[in-house]
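A, B, C and D label the chains in the order they appear, each numbered from 1.
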Amino acid sequence: RFVNTEFFAAWIEEITAAVRAGRDHLTELDAAIGDADHGTNLDRGFTAVGEALAAAPPRTPGALLVLVGTTLIRKVGGASGPLYGTAFREMGKAFGEAPEISPAELSAGVDAALAGVRRLGSAAEGDKTMVDALAPAAAALSRAVRDGLKPEEALEAAATAAAEGARATVPLQARKGRASYLGPRSVGHEDPGAASTALVFGALRAAASRG
Amino acid sequence: RFVNTEFFAAWIEEITAAVRAGRDHLTELDAAIGDADHGTNLDRGFTAVGEALAAAPPRTPGALLVLVGTTLIRKVGGASGPLYGTAFREMGKAFGEAPEISPAELSAGVDAALAGVRRLGSAAEGDKTMVDALAPAAAALSRAVRDGLKPEEALEAAATAAAEGARATVPLQARKGRASYLGPRSVGHEDPGAASTALVFGALRAAASRG
Amino acid sequence: MKKLINSAGSLVSDALRGMAAAHPSLRVDLENAVVFRAEGARPGKVGLVSGGGSGHEPLHAGFVGHGMLDAACPGEVFTSPVPDQLVEATKGVDGGAGVLHIVKNYTGDVLNFEMAAELSGDEGVEVATVLVNDDVAVRDSLYTAGRRGTGATLFVEKIAGALAETGAPLAEVARVAREVNERSRSFGVALTPCTVPAAGKPTFELGETEIELGIGIHGEPGRSRAAMGEAREIARVAVDAIGDDLPPSGETLVMVNGMGGTPLIELYVVFAEVEAYLREKGATVVRSLVGNYVTSLDMQGFMVTTCALTGELTRLWDSPVETPALRWGR
Amino acid sequence: MKKLINSAGSLVSDALRGMAAAHPSLRVDLENAVVFRAEGARPGKVGLVSGGGSGHEPLHAGFVGHGMLDAACPGEVFTSPVPDQLVEATKGVDGGAGVLHIVKNYTGDVLNFEMAAELSGDEGVEVATVLVNDDVAVRDSLYTAGRRGTGATLFVEKIAGALAETGAPLAEVARVAREVNERSRSFGVALTPCTVPAAGKPTFELGETEIELGIGIHGEPGRSRAAMGEAREIARVAVDAIGDDLPPSGETLVMVNGMGGTPLIELYVVFAEVEAYLREKGATVVRSLVGNYVTSLDMQGFMVTTCALTGELTRLWDSPVETPALRWGR
């Protein structure tokens, strides 16, 4: 099954709602090992994204995600603004002008997002960043598509992998971002960016189960 | 019975001990309606008084009290420094060069102290200041002497009057000193300077019962 | 209580050591606890001496220098200095033209300065005194110790200091100092109490949604308690309290002063509201200060101080000043 | 949480309105959230742009003016500014001689400035970047995002700003900026956490007798927790941490910087101890700053920043500067 612009708009709506609902939790996670703004940052960003999409609704999935990414870069600031912004932009660019996106293309788009985040932040898996949720999600999605799973199952697998990846950051010592300043004291806390990435993939599953 | 320099030195010792023991309480009273320093101020002052008396022990009651007063003025600051300093100085000056002081002279000395405080601070009774303890103590002492009471009884009467005067400041609204800034909110608290004056007269009774 | 101190008893002298080390422009007499200008008294220039309890930094020692004070006498925390200290300062700054004592109107300050003035007179120094009493929160002056001296102290010190620098005689310097005080008003608001180190605990308690209105600068509670609101509302309460006493008009100098524990970003928010509201009421803010100038230890809150300027006062305000905490024009 | 704000969302723009009203020497672009010098770009002069999250006031906007920055970009509280904002500032200050970006080393700041530099380059502005990373509390730079930029930012802004004022070329200004950073070290201590307005509660919890050692300027906990001690002991911990990395020697510039909620009198106590200990270790404090310059909202605590001076750096430090928060020589 192919998905269209509407699907991606629904995804963004789901993310926006999840971020709004999870804002205080994300900020608390960030207070423990960062600077207490991650929830506020993303909430501000996706509010702006909603306005941007409403002002000039894009025609293609690619254009939509590029606009989402650009808006995040323009409005969020901090580490997560450029990183999430780049992720959405790279995914959008991978989709090109295509009006509909196949599961394989979606998977390739998530891979592009991961590559963009990796390039910009130069974090490896295990550094206790959003990469620890994004990388397993990308891998799970790609595996599911290769194995011919149904789209819903594939997205379920990606969401589960992202959530597990986020949870798995708890025992890690941070090596990137602000949490790295804490050294061993960063151990025992979930990475806020990984937690928000889990919300992003949970929202993808939710968007799929909408239609 | 006449009292000598030793008696007044004992009085100062008793005051010093009472102020030390009551310091935090006095400061708390001052925190409620002033600036939280009355106990610290007097403690600092009487510590300096002890040093000054030890360095050059005065020969007469008058010289001793003038030195006490001068030291308080030099070391305390705030409102209570000049006021208590003047009180002791005026009392000392009233005693002149006399080596021994009669009950009537003692009473006149306390009257001089009261007059000095009144002149300097221009507070009337009922303004919720140290005058509300000092004035009734002076009056009680003078009455007791006139009525021919024994010195111990006279000092007991003065101490009781000072303590009652201090307690009676609780319902008053302050019209002098910092507490006056609070207006009606000064009602319901004991005046710290009246409370310390009660300690001073309690110490006088204690000094008398020593010998 | 956590404080960056060695002990409550040594706080003032330790801080004076720090000032001495930090500011070569000052000469700190540690024994007498007096902060002088390094260059000493200038013959023919009126000397300006101010002082008061510590805990209000940078007031007063931070304002010693060209164009402002000649000497400052810090007392113990929230306790006025003692006469000896003030006499030492007064004698030290006398250049033969007399000395102006700038005294905030508190019983303790008044009494100690009075004694010092008398003693200095005995030693042949001519002393004039200006009493600062700008705080409109204290209304009923017949039945109180009168209005407190707060933020306007800085204005008086700056403007009288500028005039003294020109070689003006003592009477003139005292006149302008009094004029500044008469044209100035203050009103303060606390979000939290402060903690006097020797006392070891907060001077009062305030709930999570309560504020104190009409506070002074000694951690004392204010005239009343109110519910916390937006900066805009609280700023208006302060400006209204000032305006009830002296309606704002004309060219105005405004200070939004932090009480010590409030971040500068919040003081700018308050200033934005104060300036807009004064404009709405017909006054024009032509000069301003935003920052921590007359503080109350770690208290959170602010004080608004206004001064209705004249041409002369504006000129003197603009004159060069070079002190640790206020500096422009050279 | 009690804050003098209208709302957490409007805090930064409300404060910018306040800055605009308070400082005629600044031009505040409220739409883009950029603070410029009122007089605009000077042809032939290298432009200096700095920026970062808000909550560190007076850094950076308080340092815009003659002899220091040409523009500052405040982000949301503790959140780096966005590329658009930085591009606007960069274009606005370019006088044809290129622009220096002064960036504190945080992932967010680095990424956003990088993007802005690229975009500005596309629009024909030559940009050089200096990364400030003076905080010795972060040790292991291979396995972290590297050292944080803290107090030295002020030194870099002041000294590079002074050189830019002389008309020096971009490469020279960048060189001196890097040199200042290389010669500077910082170490911070917190007595209390701070409260980010949008978060509404303190960033961490500390007991009545605990302090955090090795903190940054974003309310993050430090490297370790320790027992509260005397100012002398704590000051020595900070100086030792700096000295372990760069042994103090020679003529030294020292800042004892308050984190926003600590009274100035305590900072002077700390400075006295820092100065004495550095002297004991063989360094001479020849220039100093004591006050709240690089803050962390309402946090109580301090940071020591040292810079091993050279003749050139001292001369540039002494050059005139005229900004809202740092001013001398004119």
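Throughout what follows, a contact is a pair of C-beta atoms (placed from the backbone, for glycine too) under 8 Å apart; a residue touches a chain by one contact, two chains touch by 3 or more.
Chain labels with UniProt names: C, D = Dihydroxyacetone kinase subunit DhaK.
Remember, predicted model here, so these are calculated numbers, not experimental data.
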item: Touching chain C and also chain D, the following chains; value: none
item: Cα-centroid distance, chain B relative to chain C, in whole angstrom; value: 32
item: Euclidean distance of C-alpha centroids - chain A vs chain B, Å; value: 75
item: Centroid spacing, where centroids are CA-atom means, of chain A and chain C in whole angstrom; value: 54
item: Interface hub residues of chain A, defined as touching at least two other chains; value: none
item: Of all residues in chain C, the ones touching two or more other chains; value: none
item: Chain pairs in mutual contact under the definition given at the outset; value: A-D, B-C, C-D
item: Chain C partner contacts - residues on chain B that touch it in the complex; value: 27-28, 31-37, 40-41, 44, 73-83, 120-121, 174-178, 180-183, 185
item: Complex contacts: residues of chain D adjacent to chain C; value: 1-7, 11-12, 14-19, 21-22, 54-55, 57-58, 62, 191-192, 208-209, 211, 228, 230-232, 234, 260-273, 275-276, 285, 288, 290, 292, 295, 297-298, 300, 302, 322, 327-330
item: Sites on chain D touched by chain A in the complex; value: 8, 53, 75-84, 106-108, 111-112, 115, 137-140, 143-145, 148, 196, 198-199, 201, 203-204, 216, 218-221, 223-224
